[in-house]
Amino acid sequence: MNETGTRDFLVGLFVLAGLGALAFLSFSIGGLRYTGEGGLPVYATFDQIAGLKPKAPVDIAGVKVGQVTGISLDESYRARVDMDLDRNLKLPVDSSAAIVTSGLLGDRYIQLSPGAEDRHLAPGEQIPYTESALVMERLIGKFLVNVGDSPKEDSQSGSGSQETAPAP
Amino acid sequence: MGAGAIRGLGHGVGDVVESLGRLAVFTARILMVTVRPPLRLREFADELFKLGVLSILIISVSGLAVGMVLGLQGYNTLVRFGAEGSLGAVVGLSLIRELGPVLTALLTTGRAGSAVTAEIGTMKATEQLDGLRMMAVDPIDYVVRPKAWAMICVMPLLSALFILTAIGGGYVVGVGLMGIDGGTYMSSLENSVDFGNDVAGSILKAVIFGVLVGLIATYRGYTSAPTSAGVSAATTSTVVIASVSVLIFDYFITALWGV
Amino acid sequence: MAYNGRPVLRDLTCRFPRGRISVVLGGSGSGKSTILKLIGGLICARAGAIYVGDRDIGRLGESAMYEVRRELGMMFQNGALLDSLSVFENLSFPLREHTRLSREQIAEQVHERLAAVGLSDVDDLLPRELSGGMVKRVALARALIQSPQVLLVDEPFSGLDPLSTKLIEALLVRINRTYGMTMIVVSHHIPSTLRMADHVVLLLPGGPVQGSPRELLASADPSVRRFLSEDTDASDEVLAHAAEFEAGEHRPVLDSRRGRRKP
């Protein structure tokens, strides 16, 4: 009898621990709580978001204040990024958002720079000023072209003549 | 020679189809008694103890070890790109999407699935199953049902415990030994893991693996030859068949649902 | 009836009289235990009919068979006690499954049956803690627990010392006299069975022989005499007999999976 009691207690403990672990994975790590709860939803539009993904963090001066909740294309073919910020955050209306990279190849996230206006952003409003993501490949491409351009005379003529020669 | 080989192949295919059919009938019999009272909660709780509580040690020790290895390997790779801040994401995602459910299923197969087969097989060899039938009690109802359902329930719980201990193991190595910031590790983990994309899929995998291991283990025990050699053969084949099916199903779940 | 494609019982017609002790005697592999399993519906006959009372169980499905089995009690060779349950739980199990008796009524019945087989103070023991003779007696008590009309007894004397053998024999006879139930006992222990049997079915390689013990002992059939003879000095004859068994259809197929010894 006593033995079964101990067993049942351990079984109960096991089920609780297992459900607790599932809940921790779902809510704390999986971030299930963000869906549905209204904090301070705002959005911004960018020309280029590169590798930004939903759930990417939004921070101010390195302190996390929210996360990206959705990415879509607006009517003018710009990327609209919805984010959910801490509801206690008082963000001036002339703040700006930039997509930056952590490290050389790290994840993209959004960095906010607060403006100076006295009025604060209300839920659903747009962050007016944005700075698009730098696309590393394009940057490298430009750099290579620039490097190739400067000793223009010999290299350009060499390769150009090869390509244009058969045309006439 | 060639014709013989083809005939052998045909025979083999026939065997596989036949045993799949028998497994389907067996499954249907379990489902038919699933909600038939009495629900046998006493037996179910005992099975939760045997399959779940007694597996905690192996699951947490393995989880810790796997997490520490992931932490070490991940750190050594990431540090070359200066991205060691993403260690939490690497450890967490690989565990939640893949390693957690799969390794838990393999460990549980070896630890608990084999025990289920051996117990049912021994009950068959010692005529306990026939004894139940003579007492007008269906062995599928009294013996198989609690074991199969306990396996299904235990698997996602063990998988979650495995993942958490492994994330802890990665933390110990990454933060404790390699000096990554603890907050960076956790925030990289939380930022990269999504409930809908990752955690829900992880739970789905664990439940499907629980169904697989539970069915295979009880079926092999129930159909084992009633001798000690028969029971040992059935136990071995449970471990082999269940492990291989877990890996095969893992591929298809990943391919179909993208988790 | 065939086992692994090899026929075990063929052309067997026999009746087990109500309220009496019938004994099925035969060598290893002659299909004795198979008869009990057929009556219990644990295996299905390939041909023929088996009547329990006036019901042909060959035509019943598994669920209908459960109804029939409530009137059957079976004592298995090795007990077949559920090894995770204590003696008390083993005995009360069928009552908890099939009756609405109160806890006290169940305990009363369990202790009554245990007393009928001469056991007390064994409630909390597990089957593995019992001696061979005690396992047999607990198994007998469990077979009796639902007051069956027919008691099937498989090898009640196997693996027992002479004293326990006598005890089980006496218990079986006393239970038959007290409860007046039909008993079908399968055994190859000749002295005990001939003492207790009202009716004997002898499964021999040449075909079954039936009758009362007195008739069989007086039989002129040499194979019957040879089987019943306890004269083990005639070693040549015994060996020849054994060879005859193993050459015939009745090779020990069923019993290769059990360590069954001839007493």
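Chains: A, B and C, in written order; residue numbering restarts at 1 for each.
Just so we're on the same page, a contact is a pair of C-beta atoms (placed from the backbone, for glycine too) under 8 Å apart; a residue touches a chain by one contact, two chains touch by 3 or more.
Please read these numbers as outputs of a predicted model, since none were measured by experiment.
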item	value
Comparison of A-B and B-C by number of C-beta pairs in contact, larger one	A-B
Chain at maximum distance from subunit C, centres defined as averaged CA atoms	A
Nearest-to-centre chain - CA centroid comparison	B
Averaged-CA centre spacing for the pair subunit C and subunit A, given as whole angstrom	77
Subunit A and subunit B, separation of their C-alpha mean positions in angstrom	36
Gap in Å, rounded to a whole number, between the CA centres of subunit C and subunit B	42
Set of subunit B residues in contact with two or more other chains	46
Touch list for subunit C against partner subunit B, complex	37, 40-42, 62, 66-67, 69-70, 72-74, 76-78, 80-84, 93-94, 97-98, 142, 146, 152, 257
Subunit B residues touching subunit A - in the complex, by the definition given at the top	45-46, 48-49, 52-53, 56, 81-83, 85-86, 89, 92, 96, 154, 156-158, 160-161, 163-164, 167, 187-195, 198-200, 202-203
Touch list for subunit B against partner subunit C, complex	46, 123, 126-128, 130-138, 226-227
Subunit B-facing residues of subunit A, complex	7-8, 10-11, 13-15, 17-19, 21-22, 24-32, 35, 54-57, 64, 67, 102-107, 109
